[in-house]
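Worksheet: the structure to be examined is printed underneath.
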Amino acid sequence: MSEENSNRTWKGKLHEIIYEADTPAGKFFDVVLLIFIIASIVLVMLESVKTIDAKFHNILYYGEWIVTILFSIEYIARVISVKKPWKYIFSFYGIIDLLSTIPMYLSFALAGSHALVALRALRLLRVFRILKLARYLGASNQLANAIKASRAKIAVFLFAVLIASIIFGTIMYLVEGEEHGFTNIPKSVYWCIVTLTTVGFGDIAPETPLGQLIATIIMILGYGIIAVPTGIVSAEYTKASGDDKNKISDEEHEHIKDLQLNTQCCVNCLAETHQDGAKFCHKCGCKLHHD
Amino acid sequence: MSEENSNRTWKGKLHEIIYEADTPAGKFFDVVLLIFIIASIVLVMLESVKTIDAKFHNILYYGEWIVTILFSIEYIARVISVKKPWKYIFSFYGIIDLLSTIPMYLSFALAGSHALVALRALRLLRVFRILKLARYLGASNQLANAIKASRAKIAVFLFAVLIASIIFGTIMYLVEGEEHGFTNIPKSVYWCIVTLTTVGFGDIAPETPLGQLIATIIMILGYGIIAVPTGIVSAEYTKASGDDKNKISDEEHEHIKDLQLNTQCCVNCLAETHQDGAKFCHKCGCKLHHD
Amino acid sequence: MSEENSNRTWKGKLHEIIYEADTPAGKFFDVVLLIFIIASIVLVMLESVKTIDAKFHNILYYGEWIVTILFSIEYIARVISVKKPWKYIFSFYGIIDLLSTIPMYLSFALAGSHALVALRALRLLRVFRILKLARYLGASNQLANAIKASRAKIAVFLFAVLIASIIFGTIMYLVEGEEHGFTNIPKSVYWCIVTLTTVGFGDIAPETPLGQLIATIIMILGYGIIAVPTGIVSAEYTKASGDDKNKISDEEHEHIKDLQLNTQCCVNCLAETHQDGAKFCHKCGCKLHHD
Amino acid sequence: MSEENSNRTWKGKLHEIIYEADTPAGKFFDVVLLIFIIASIVLVMLESVKTIDAKFHNILYYGEWIVTILFSIEYIARVISVKKPWKYIFSFYGIIDLLSTIPMYLSFALAGSHALVALRALRLLRVFRILKLARYLGASNQLANAIKASRAKIAVFLFAVLIASIIFGTIMYLVEGEEHGFTNIPKSVYWCIVTLTTVGFGDIAPETPLGQLIATIIMILGYGIIAVPTGIVSAEYTKASGDDKNKISDEEHEHIKDLQLNTQCCVNCLAETHQDGAKFCHKCGCKLHHD
């Protein structure tokens, strides 16, 4: 039993360091991890620049292998320190963590797979856990809710944009024709989306007066309908903020402010954002560890 | 009378399959129709790509004829299965359905008319009927109402943009002149709209210092006035959402939530979105069929 | 006295036809005027197109003279039919009406002045008087109020954009230098505004990595700060709509709806938007004429 | 003691002229200063234009030295006329004022440092003090508060944009490759931000069908997510305006309106926006001077 216990403690400590950011060791781990994530992205970027790669190929190559091995160790540590490993492995972060390591190993077998390491950029999302977690997570949740609430309307809007692009694209193909760059309908539709979204690369541009007239209509349309998603998100966001106020009285509001969330993470179910002083996980009831 | 009756039943079944999406057969029909609509659009697009058309001309050509014949059959079925055919024929969807088929037939007589098949893209609007109809239709109605309410203001705004474009366009024609691409006033006005809407193709760009100064004013104007339609739609949308809340008490709101709309479609007047359990059409009083 | 009276009647009738749109003659005059305004703008535009001007020079030239002479007659009629001619002459529309005619006369003396006829575009603003006046004027007033209320904030915002553009423009001039198109600071500032407003012509584009990095910052800044004027106008507009509601009770609101405004225009002070059935001008007390 | 006193008066007068804008001398000083600031910026700009510099090199050179010497004198006057010089020196304006003068002196020692004079543009911010200070400062404070309140959300948003750009940029690098201008990942990421922010220079544009498809997704994404910061600022701004109303009753509001702020500036702590008739600084209690 004592072995079981010491084993438990050892895993618990590891869990605390890797998953949480309340202890000095946990904070240190998170900051080091963040530096390695940024370094790994910079390495991939620099490697793609011909002139830099020619000069520092070996440094970049070994650097990437070091990062990959460290990420692999971290991945294994994450899997063994958690009670339900499969839950972590199939979680959003679990999949990203795995995808950050395997491309390098695959690069022996498959040429080109190497570039998938760009997925490491997704690991940057961890930064929110490190920098004043609660406030930023709250902000991103509020954002996510507003976007979720306006999902159906945004879908209707995007669908309307797509249909308009197909129709206008075909008309432009007929009007401008191949000699002015509108070589086929898919390219015309691409140009139409470039114009409607007010990006306007200028790689293709209408040259006939009629084509320019239709382009004018598309542009004014695009300039006008950008108001639609903006209006939707504004309204939903305002409503969401308003609802929050109505539901929670001022007294309760004070109460909520007093509560301090920490970065503790349940060993059992990986639930986050526990309150300060909480002894048990609010999701699965499993005991949280304290020092 | 029995013939009349069986005829009625036969037409009723057809109506149920084609116009509604509550029965398995109805759902199946809608999904198959959607696939054919997408296939027909992809066919037209691919045909316009020279390299693909050279290789697969026959496949694309016969594919389009198959789609056209199927759409023609569907159109005839829609006409005969409804009580008041003219109402369908002159409805929005009726006209689109017809326009989706005739260009192919016309292509024997008129070269170029073929490309009108792009209008089939409008048939995609049917997708809203298939995917969780009520919610998306509600969303699009809310959108439509907000846009309708701000119609007059948007018109005033677009009119002001147009007048500003004509005046600035003429000024730029005088300042830049023909040697810098501003060959005539209509082209200058076109450039002005390209700039004001922040599209900025770059096919024409001012080159004199004075022209660049005026361009700067136009750009900042365009950057600033995009706030106007956005502000209008936001406000109207917020107001619309607010009004809904005020008009309907919470109890009533619960009641409305309980009501489930289905995709039944009246045989007589083509009215849609009937409530679950409704026995008669809420528009014309005609009996709805149930299984 | 009878001569005085008949003179009065004659002037009154002219006033009614020219300034108002309630009688058939008044409506007819306004529609004809609108057609001539549009025709005059189209004439100027077509004249600037070399190929069209070469073919139809005489038609365009005489057409413009006809329009100019008709506008001159209209201007004189407006001046003599109103009680206080100077009030009209120095009003916004009075100045535009004059500027629409003189460039043609000046074109004998000054070459180039001819192009000023583009100011005729401003006459298009009269269209609001003709098409359901009250509703659109109301909409444009509401817009104008929202813009007026947010004037100070918009000024602060534009000023900040200008200062940022000067600073970033200078930095880009130093970083990119003359060999990449940033030939001097004013041109760099121009490029900076092109980028910040998300227009992006592409006539000048950064080519050094550092320049592209700074361009990235400018773009994200521009993409982000567009939220500021939009947010301001949205908020002001929502507030303005809200205030209207609060000030006017529902009963009063009904009352206002019942009132019908017409296009009568006081002979004395040129005040517009009188109520149906009003006998005296609400601004100067002068008697309005009825048939 | 009399010397002390006269010295005090002399410094007080200087303080009043330089820091405040209520007396004729103070207003005159501010207007002259503003003219010199604008002149100094115009000088730097003109000097960078080769053709102008070739003709008027001496005038521009001496002009800049005159401006620099005047700014140096002003800086010294500001330091000696204030009670706590270090507070001014390390304040925002103090640092800008210093940076406006030193580049010219440095230009003897360091070539290139000269261009730093563009920082003088920041001095333009003083314009707010001169033109109806209180109203504009209020407007900019309201803006600043709305931006401050939405800081966390904007940070989350920008972070998401950055991560999306890195991922999409890498994908585009893989898809388009070096032959179409996507020479390395950093350049691809740069292109991705150009596209996502709807700037669209067109210096690099996708040419493969797959690249254009991905570009389409990026553009629609960019077109859609611009709604997010706009929605946030709108909502925060509306909330801020609403909060102000709730906190202050109508009576109090009237009261506030009656208060007139002036441009007096405390000699001791540099606090601004004192009320008319205030005898003591509301921050440090130091006596304000009156004439």
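The chains carry the letters A, B, C and D, assigned in the order they are written, with residues numbered from 1 in each.
Throughout what follows, a contact is a pair of C-beta atoms (placed from the backbone, for glycine too) under 8 Å apart; a residue touches a chain by one contact, two chains touch by 3 or more.
Computed from a prediction, not measured in an experiment: that's the story for all the values here.
Novice: Looking only at C-beta pairs in contact, point me to the busier pair out of A-B and A-C.
Specialist: Pair with more contacting C-beta pairs, A-B versus A-C: A-B.
Novice: Looking only at residue numbers at the chain C/chain D interface, is the share used by both copies over half or under half? Answer same or different.
Specialist: different
Novice: Roughly how many whole angstrom separate the Cα centroids of chain A and chain C?
Specialist: Chain centroid spacing, chain A to chain C, equals 46 Å.
Novice: Calculate how many whole Å lie between the centre of chain A and the centre of chain B, each centre taken as the average of the chain's C-alpha atoms.
Specialist: Roughly 32 Å, centre to centre.
Novice: Going through chain B residue by residue, note those that touch at least 2 other chains and give them in order.
Specialist: 186, 198-202, 222, 226, 230, 232, 234, 238 - these are the residues of chain B that touch more than one other chain.
Novice: Quick one: in the complex, what on chain C touches chain A?
Specialist: Touching chain A from chain C are residues 198-202, 230, 234.
Novice: Taking the complex as given, what residues does chain D use to touch chain C?
Specialist: Within the complex, chain D touches chain C at residues 41, 44-45, 48-50, 112, 115, 118-119, 121-122, 124-125, 127-128, 135-136, 138-140, 142-143, 146-147, 154, 158, 161, 186-187, 190, 193-194, 196-203, 222, 226, 229-230, 232-234, 236-238, 241.
Novice: Touching chain C in the complex: which residues of chain B?
Specialist: 152-153, 155-157, 159, 162-163, 166-167, 169-171, 173-174, 183-186, 189, 195, 198-202, 205, 209, 212-213, 215-216, 219-220, 222-224, 226-228, 230-232, 234-235, 238-239
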